[in-house]
Amino acid sequence: MTRIGVLTSGGDSPGMNACIRAVVRRGTSLGVEVWGIKRGFKGLINGEMEKLDNRKVGGIIQKGGTFLQTARCPEFRDPRMVREGVRRLNEAGIEGLVIIGGDGSMRGAFALHEMGIPVVGVPASIDNDVWGTDMCIGVDTALNTVLLAIDRIKDTATSHGRAFLIEVMGRESGYLALMGGLAGGAEAVLIPEKDTPLEEIARVVEEAYIKGKPHAIIIIAEGAKHKTQEVASFLTQDEVGFEVRTIILGHIQRGGSPTAFDRILASRFGVAAVDALVQGKTGVMVALVGNKVELIPLKEVISKTKGLEPEMIEMAEVLAQ
Amino acid sequence: MTRIGVLTSGGDSPGMNACIRAVVRRGTSLGVEVWGIKRGFKGLINGEMEKLDNRKVGGIIQKGGTFLQTARCPEFRDPRMVREGVRRLNEAGIEGLVIIGGDGSMRGAFALHEMGIPVVGVPASIDNDVWGTDMCIGVDTALNTVLLAIDRIKDTATSHGRAFLIEVMGRESGYLALMGGLAGGAEAVLIPEKDTPLEEIARVVEEAYIKGKPHAIIIIAEGAKHKTQEVASFLTQDEVGFEVRTIILGHIQRGGSPTAFDRILASRFGVAAVDALVQGKTGVMVALVGNKVELIPLKEVISKTKGLEPEMIEMAEVLAQ
Amino acid sequence: MTRIGVLTSGGDSPGMNACIRAVVRRGTSLGVEVWGIKRGFKGLINGEMEKLDNRKVGGIIQKGGTFLQTARCPEFRDPRMVREGVRRLNEAGIEGLVIIGGDGSMRGAFALHEMGIPVVGVPASIDNDVWGTDMCIGVDTALNTVLLAIDRIKDTATSHGRAFLIEVMGRESGYLALMGGLAGGAEAVLIPEKDTPLEEIARVVEEAYIKGKPHAIIIIAEGAKHKTQEVASFLTQDEVGFEVRTIILGHIQRGGSPTAFDRILASRFGVAAVDALVQGKTGVMVALVGNKVELIPLKEVISKTKGLEPEMIEMAEVLAQ
Amino acid sequence: MTRIGVLTSGGDSPGMNACIRAVVRRGTSLGVEVWGIKRGFKGLINGEMEKLDNRKVGGIIQKGGTFLQTARCPEFRDPRMVREGVRRLNEAGIEGLVIIGGDGSMRGAFALHEMGIPVVGVPASIDNDVWGTDMCIGVDTALNTVLLAIDRIKDTATSHGRAFLIEVMGRESGYLALMGGLAGGAEAVLIPEKDTPLEEIARVVEEAYIKGKPHAIIIIAEGAKHKTQEVASFLTQDEVGFEVRTIILGHIQRGGSPTAFDRILASRFGVAAVDALVQGKTGVMVALVGNKVELIPLKEVISKTKGLEPEMIEMAEVLAQ
């Protein structure tokens, strides 16, 4: 293998740049040329690519987002579009591909693999919803961003004696919400993985009020059954003691300079992905299992759903008392 | 004067604790006892107060919010409630009062002054909307929080090639939006002080797209004529090139450890307020004018409206190109 | 078991408070009373202790350091001092002990265990030098603090075209240096675990200069064979192209609000430690192995030395190119 | 005037990039071409320059350091070197110059002005030691970096009950030390502007110990009469109660993304400098006076020494109690 490509796809996450850097530098050290494909599968179809080298990826390890840019590309579900991508790769003499992204991107990666392109996936998504890996690139940074916001909101919540409902990202996963709630010392956490009745939330907030706590913080995953506004209305009508305010953290959760954890994970993943490609492996995703990097078949990755550890859900409740 | 009180009122802002600390320590150094009144005018009416000393305000200079807590208290517009407050102060032997808060709080301060209580106001509000002072306590911290959010959103905006509308606090003032836009390098800023037609905003965003800018950032003050959702709909319908996303920063702007500027301003204001009280001044507010702390009559403060400097508005436009 | 104690010992590390909070709240949920012992083994010997409850540990999860305070206590190596400690525990009716600290503290924990006190250790040390656990409480926060400093120094290094030698903590361990160097994109890392000749370092810096890199960053572990000043002198005499500057990060690495990772690890460790005590386990330390919390005999912990993974050392070199 | 140059000189400071951006964009809006000169006066002598435009300064407002790079250039005191610089400017058709830097740079600027080159200086220096302006670019960011370090060190100081001596930058000025001490709640501050005997420092630290304070923080300016190590030795010999530790903050004070204040100040200064040049003014420096930007003759700037406000020194002492 003498020339490989790398692309970032789907929602961006902090650490993608650190991963691209590792792919390029590991490629260079093995005598493999690395090409960057812009704007994910969209750019692949359009043939937007450029040769990268060690200097071009200098100074990017600390930058959020992805300098190759990214895009969501639903049309890549169409096999004719995948065929177009394969043609572009062949034209450019690119013999293998590293695809950095979330579970949708892993589907695209699998489609290319099935068309005969050597492909290794790298899980990157702040939602931590890719099956097979303990952590995706970007989760740790997003979690710390959520935490910083919770810490800030506690200042104002305490000053006014208020209950705050904080909605965090995660699509169908409650990972960010649960871990943010644990680390932020929240009174309750609402996640898609567990059904919490509105009455139960009201009881928790009211109890916090009665105990004399200076505030109550409720973290709500965007995919939770009860939506933030619905919870706010219920709490207000139920008169839980505290006045209620809501905040939707939104896209600030995607940005920011990656944490040490994300830079190191991204670096390990990038190196492992190139090594796998060079060793002739394809149709796999690099994954963190315990503290080892392993290879998992993409077929499994895209057919299974990652869940939360029940131990963590229980612990969050015990520590909130 | 041997015993004075201090309270924080209205919306909380970072640096209030640093100001309380300065009031207490300055009082102590002059042989004046300082009592803390909890929860603003609400706590005053209820007689919630405790004696403070130098040790009790140790370790709070770096904390956001206000450990005396605060509350909005519309009922304090009722003169009978003010009378209740005066009675509480007399009962407790409190001979003068430092009132830390925004323009609503300065109204309450003036009402107490008119009832014969020696009062000095201290402007604290992230909105920077108190007339007579260049800066209020908390503005600098809130501005840096806004900036951090803009910097983060730029990462994801660039990665996806998007336009982001970021709504910031400020009530009727565009200060945070304008300064945040200037410091954040935004493409446009929408503020209550200036009417920007929707077509003009669309033109700016489209131009940024044509120039090849990687993203467009629009900062919208909560008090701007066109509301965030309205602007988003217009830009989407008008097809400005970039996809459009919105984010409302909300209450994270109130919290956080105060910046150096806010801690120092708060300290200066606290010392000056006690000095003024002890020198027999009342019905005044401490204010930053240039880089001097001056005393301004509360009567003027509450009858005038602070505006923005046109020079800044113009500069924001020139530098956005 | 109806009453247990908790103490923090040795060098402080961020997340100790989160761990104390978890110990208290888990104890409460199991009907076990928790007493806090001040100033580590020193306070134990002096009988400085107070009863804790859920409210007393409210609002501390985000605070650096340890509110129970800590101390180094070399005299605890004397069995008579250990005996004194045992007497204090018996006097107070404390039936078991959670000891949070580094490897020296684990030695003290083992000594108490050998005197018949049920003891569970919790590894907390920014050096990550405790055998048996992948991570200690505080490492992730310290690493991110180091990273922030590296990112800052890069700004000035680039502006002046300089080589910077940055000395980081870690005692006999190179963990912080190696991981900081990896995540910070350093040109070279000097650690106790690997002997790097001065000529080799000079070669790396000179190569960076020749390649046109805007700066060179060298991270030096405090325990590395060649000391920072020695390296600086050698590089200056050897004329490596860049001007050379040094910085010793020092105690800023110990402080700061703990990261999400450290707060969650500390919480898991705290819960697991109480659970172990209640289940009658003693003479063990909670440890992170992969992503599970396990119990490791203290006897093993204190007799073995934790090393670095060679894979990481190699990766740091590949990515520095 | 149709073509001007801009350079950064001396020690770098955060916000220099924001200033260059403002110079370029203001120039563009007035139809003036702007050339960037690399590496300060050194690059000027060597003729290292490139044309800048609005896009080239996109995305730099948030970056620390200076992308034009900088250098100390003592040889520029030699009039023959200044003559060389003038020749380079004439060759390149550059009709005026914006020089961003500290007081040494203002001397260079004045020398060029005396040789007939239209020159406007912009004060940028974390030391805040340029006469005539209330604030230099970079001071606010450096101050907040100092503060972050103090806040961190307090965590560990409190946990161990220690006295910490923190040495901060500032050359002959005590500004950073005094303001950092004020904002950080330090027990004492040692600055070149005031002679504090060692016995006095020892007394303050011992008093803090006796009062039961959990720690003592002493900020020492690098230019203070008594050096950090000397103070540490004295306090240790004098047995002031607390154990003593020292830390030298060093170059981390120069880096980091500029604060809102610095970005806005830099932008205002950049715009004002170009406006002055275009209006035919020369031999002046832009300066912040109160909250207005004014022009001050360079001749005065370089012949006077900026001092500290005695009010601030006194306030720091009162609030430290």
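First chain written, first letter: the chains are A, B, C and D, and each begins at residue 1.
Methods note: a residue touches a chain if its C-beta (ideal position, glycine included) is under 8 Å from a C-beta of that chain, and two chains touch if they have at least 3 such contacts.
Treat the numbers as computed from the prediction; the structure is a model and nothing was measured.
At the interface between subunit C and subunit D, over half of the residue numbers involved are used by both copies, so each side presents largely the same positions.
A separation of 28 Å divides the Cα centre of subunit B from that of subunit D. Each chain gets one centre point, the mean of its Cα atoms, and the points for subunit A and subunit D are 40 Å apart. For the pair subunit A and subunit B, the distance between C-alpha centroids works out to 35 Å. Residue positions 151, 154, 158, 214 of subunit B are each in touch with at least two other chains. Taken as a graph of touching chains, this assembly is arranged as a ring, one closed cycle with exactly two partners per chain.
Subunit A contributes residues 21-22, 25-26, 28-29, 54-55, 58-59, 61-62, 134, 140, 143-144, 146-147, 151, 154, 158, 179-180, 182-185, 211-214, 257, 259-261, 263-264, 267-268, 271, 289-292, 315, 318-319, 321 to its touches with subunit C in the complex.
Contacts from subunit B toward subunit A in the complex involve residues 8, 12, 14, 16, 39, 63-66, 69-71, 145, 149, 151-156, 158-161, 164, 214, 245, 247-252, 254-256.
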